[in-house]
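Labels run A, B, C and D following the written order; every chain starts at residue 1.
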Amino acid sequence: MLELDAIHTHYGLSHVLQGVSFTVAKGEVVGLFGRNGVGKTTLIKTVAGWVRPSSGRLRFEGEDIAGLASDRICRRGIGLVPEDRRVLPGLTVEENLRLGLMQAPGRAKAEAARAMQRTFERFPRLAERRSQMGTTLSGGEQQMLAIARVLVGAPRLLLIDEPSEGLAPMIADEIFALIHELRAEGIPVLLVEQNVMRALEVCDRFLALERGAVVFQGDARSSADRQRLIEVIAV
Amino acid sequence: MTEILESLQFVYGPQVANGLAIGVAVILMALGLTIIFGLLDVINMSHGEFYALGAYLAVTLVGQGVNFWLCLALVPVAMAAIGYFTERALIQRVFHTKDRHILTLLLTFGLAIIAEDAFKLAYGPNPYKPESPISGASEILGIMLPNYRLFLIAAGGAIIVAVWLVVYRTTLGAMVRAAAWDKNMAASLGVPVERVYAGTFAFGVALAGLSGVLLAPIYSVFPTMGKDFILMAFTVVIVGGMGSIKGAVIAGLVLTQIQSISSLFISPVWSDPLVFGIMVLFLMVRPQGLAGRLGHG
Amino acid sequence: MADTPATRVAVRTAVAANERADALGDGVLAGAFVALALVFAAVAAASGDTFFFRLATEALILAGVAMAVDLLLGYTGLLSLGHALFFGFGAYVSALVLKHWSPSFWAAIGVTFAAAALLGVVAGFIAIRARGVYFALITFGLAQVVFKAVYNTRELGGSDGIIGIPQIRVEFGLFSVQASSPLGFFLVTLVFVMLLYAALAWLMRTPFGRLLVAIRANESARALPGILALARQAGGLRDRGRGRRALRQPVPHAARPGVAGAAGLPDIGQRRDHGHPRRRRHLVGALYGAVILTGLKSVIGTWTEHHLIIIGALFMLSVIFLPKGFAGYVLPRLRRRFAPGAGKPGEGA
Amino acid sequence: MKTLKICAALAAVFAAGQVQAQGAPIKIGVVTPLTGTYAGIGQQVKWGIDMAIKEINDKGGIMGRKVEAIYEDEEANPNVAVQKAEKLFQVSKVDFLTGTVNSGSTLAVGQVAERNQRLAATTVSFSDAITGDKCSPNVFRVNAKAGMQSAALVEWMVKEKPSPSVFYLGPDYEMGRSTVAAFKSAAEKRGAKSVGEVFAPLDNKDYSPFFGQIRAARPQVLYTSVAGNDTVRFMSQLAEFGLAKNLQIVGAAGTVTAQNMKAIGKAADGYVTGAAYSAELDNPANKKFVADFKAAWKADPDLYGVDSYGVMYFYKAAVEKAGSTDTDKLRTAMRGLEWQTPQGKKTMRAGDHQAIQDMYAVKVTGGKFQIIAKVPGEAAVGPDTCTRF
């Protein structure tokens, strides 16, 4: 579904991604782990179109998406839940969600209304706060909003970057439970997370990133693979 | 007592009423400017020339026998197309550079120079004045106000409210605000940011053109008319807070009243420096202006 | 990111090499400028011309103003839209000195320099609180206030300006130059402008100059400790707070157009600032930019009365296609020729 | 055979050229605003001069020499005017300079003329100072100064409304203020009551903030010296507010002109000014001039057009009287010179270089200037106050 083949990305003078290759298949949740500064977030940004890869192939559902503008990539069905949530300031909760509908702009009004309705049912706390400014929500609620506004557009792949960062453990639990639900619904996810152990619980597979390249891929269920992952990303 | 009443009727009353009409004119100009700045971070130095272009288009259409009221609808549409094209053809080219504030400022400054000269080339240096579509004056509380100015105040008020509603109460407006605050995130939600930028520039330009049509019967039309309101509009935008619609409305009303009333006590030539002085003070003390940016209301 | 001691040294060496190459390139262009000016003077003097001398003198004076804008925009990234303020102020002060106090060139230039420096402190105090576009707008507002004030002050001649300023004689001790002599005045202006250029170019290589560049870099980075360390090196700004750190910086540039204004004495008044984009980070570009623009304006102005369309179009084209300006285009090419060793990293550093 | 014919034709052309141009053409430098606020006036200046030159050349030039004009745009800016004047004198080597519109430019260009030892004339500038305390031996004025216009206007006003109450509104710059001051003192001497005055900024967009004061003062007459686009706004806004109904509006000569009259429209009707010219002037010379002007430029001539047309005949008469284009001889010839213009006979006063001519009160009626009264030149011109020569 998502294929990366020898992706290289530069930030000014620094060569961040140095040939990343992997795939995410239909219905699978893939964890992306590595130490700080190895390029996890850059990888997410590259897929989302915020950063243009300098070389390599990037395909989604068989079509080349490298170098496309972010909004184009989004409309192909890739939803982004970025680091720091990026809840849009100056927009109400409802407006944040409405923008999520832009992912499929051709949708009929009734259908869009149904999607909104479903989202509010799923996130009742957002429904309570629908006319509040998005930035006045608590951290956990903002994270919910960041995920909800992507889900409202019915994405075919989710990129989630550090969802539990800065959240109390109880709240983080809710987020992971949500990702677990997504997995059950068969929505593929590429997940970046510092809390590796918690993340592994919701993942099918994982990738270990080191110096801008994938050094190891493994099965999230296999304890041998988990052990090796710890060795690679700890130290 | 009669003396006080008389001074209210003849001096202060008209001053406030006239200031209100001028205030609406200034706010109409400032509105486009502040929206373009709030979203695009572009200081549009050619805004005044777009205003002039709107007025010239109206003069041309009226000259062709088109009804003035029809012009009010046609010109903004034409101006929006021109604005869209300008953004795509010019602003877009320097928009993604690091120095985009300065480069776009210089670019629109160049555009203003060209436009002013082009008006001279196309229409000659002499002024035009479309006949006011509403004539006569009404007396309200003993204050004489021309009917067209009453219409201007009403229409201007309606436009301001409509713009506010579009920006703050529609999904389109939400897209615009989202693109203003966080371009990348907005794009990743599927907002076509490039088109939103061009569309917003077009919207600002259309507002300038609309002001041109509305004000032409009062202020006449000539090549350098773009400079008339632009300084005051910039001042209003700065004092009100760059990108804030509410701020522009408040600042526009207050500053034009200050100018209008102060001209009773000091030589009118000093009322401009007075207002600029206020602007400089504001920049020193509160550079963000009265209200925040676009999106804060 | 690959931030190892080795790469740091490599980058630093490359930057140093680039700076040397830059200085060399600037020097070549500045030398060529003087040479061209002298050739022009010889030809014009031989043909007994006055008009082109006056035009060229005006171009040189404009070059002075342009360098001042450049010092601010090119090095600190602050766009001043109010430079005509300093120019006009200098002109008015020197006119008043010459008319009412002493007809001495040195008195006029001395008083003007001091007064312009003072105005620079005041304007700097007001303007420096704002950043980016706000700085541009505040300088614009300031210039407008002062312009309207002078325009409405009848004691200063109001809209007519000051007329009847005595023709000055510039005393150099051993010899003197009459300002009414086109050749003499041109040469005096050339010497002054080139001295200013040399002084500014030197200033930019001192720690103070680096401080200015740091202000630009600091706009986003806010690396205050580094700035303060540099400030201490510079010696002049010890222990000043953040708000005041840049206070001194507008002073030299303010004094400068003041002097340019003094040098431009015979024609006094409001002067449009051509805010050329073509001189960023290369002072020498300001010299060329001013001369090219003055020449273009004169030539095109004779050719069509709608010269503003052409000037405006050229202006826009240069913003779009030469955003680094004339010198920014020429110098890297010169550098490759004269110092092929200098590598690329300087561009990003 | 063919070649021979061409050679003959060429020879004939050359011979004709030789006969016509005994010596180089006389060059007239014209520094006038071709762009900016005053471009409309500059247009009339150019039309007037071009037309006069064509006529003069068609009749054999001045003393057998062709005349040619070289135009430079002064952008209504004294700095630019100085630069352009210098260029014309130095590079183009013009014999005579004219065309400056605003008084600041005329004064500044006068200094350039003195430096270059050449003569200059203004055909537009009104400021009394040009032939008063700031007079120059090298500068002549062929048009009527502000004082003459207001003298004629006052003359008419006191006859129409004895001891009227007058409100003054002028643009706030030197010319505007001095015009108002001159009219005010002349009017007060003849018994007018001043009930208020206000100076609006140049390029003022809205005059309504002053209307309260005007209404409160209840004047019979409103005097104004705004010009160009400012007049369009001022007068149409007056009408818009219904203030023009019971008010006689009078003003300076530059206030309502052929350039802005159309834009003012009906609001200009009834406006009266003291003028040195009207296209309606009833004499054969003017009838012919107006017809020719219309034929050539598809527009009516105004004061600036006719004065600029007249300056060429002034120069021609002076050169023919002096028998030379030498500056000193020419200056002597110009002093006291009498010459004919579409406005009638003019006399150049030797003492201050101010032309003396008959003045008129003219009223705008249906887009035309109708003459409603005449004031003899000697009565309007006032005393000679120039002390420099």
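Observations on the model:
The rule is short, and it goes like this: a contact is a pair of C-beta atoms (placed from the backbone, for glycine too) under 8 Å apart; a residue touches a chain by one contact, two chains touch by 3 or more.
Treat the numbers as computed from the prediction; the structure is a model and nothing was measured.
Ranked by how far their CA centres sit from the centre of subunit A, the chains are topped by D. Remark: the per-chain Cα centre closest to the mean position of all protein Cα atoms belongs to B. With centres taken as mean Cα positions, subunit C sits 34 Å from subunit B.
Centre-to-centre spacing of subunit A and subunit D amounts to 77 Å, using the average Cα coordinate of each chain. Note: centroid distance subunit A to subunit C, computed from Cα atoms, is 51 Å.
Each of residues 35, 172 in subunit D touches at least two other chains. Looking at subunit A, no residue sits in touch with two or more other chains.
Shown for subunit C are the residues that touch two or more other chains, namely 151-152, 306, 308. Those residues of subunit A that touch subunit B in the shared complex are 48-50, 69-71, 73-75, 79-80, 82, 86, 88-91, 95, 98-105, 149-150, 153. Residues 49-52, 54-55, 58, 151-152, 158-161, 163, 180, 266-269, 271, 301-302, 305-306, 308 of subunit C are the ones that touch subunit D when the two sit in their complex. The residues of subunit B lying in touch with subunit D in their complex are 6-7, 10-15, 18-19, 21-22, 117, 120, 124-129, 131-132, 136-137, 144-146, 148-149, 218-220, 222, 224-225, 227-229, 259-260, 263-264, 267-269, 272. By the touch rule above, subunit C contacts subunit B in their complex via residues 73, 77, 79, 126, 129-134, 136-138, 141-142, 144-145, 148-149, 151-152, 275, 277, 306-309, 311-313, 315-316, 319-320, 323. Within the complex formed with subunit C, the residues of subunit D that make contact are 34-35, 72-73, 77-79, 82-83, 86-87, 90-91, 103-104, 107-108, 111, 115, 134, 172-175, 202.
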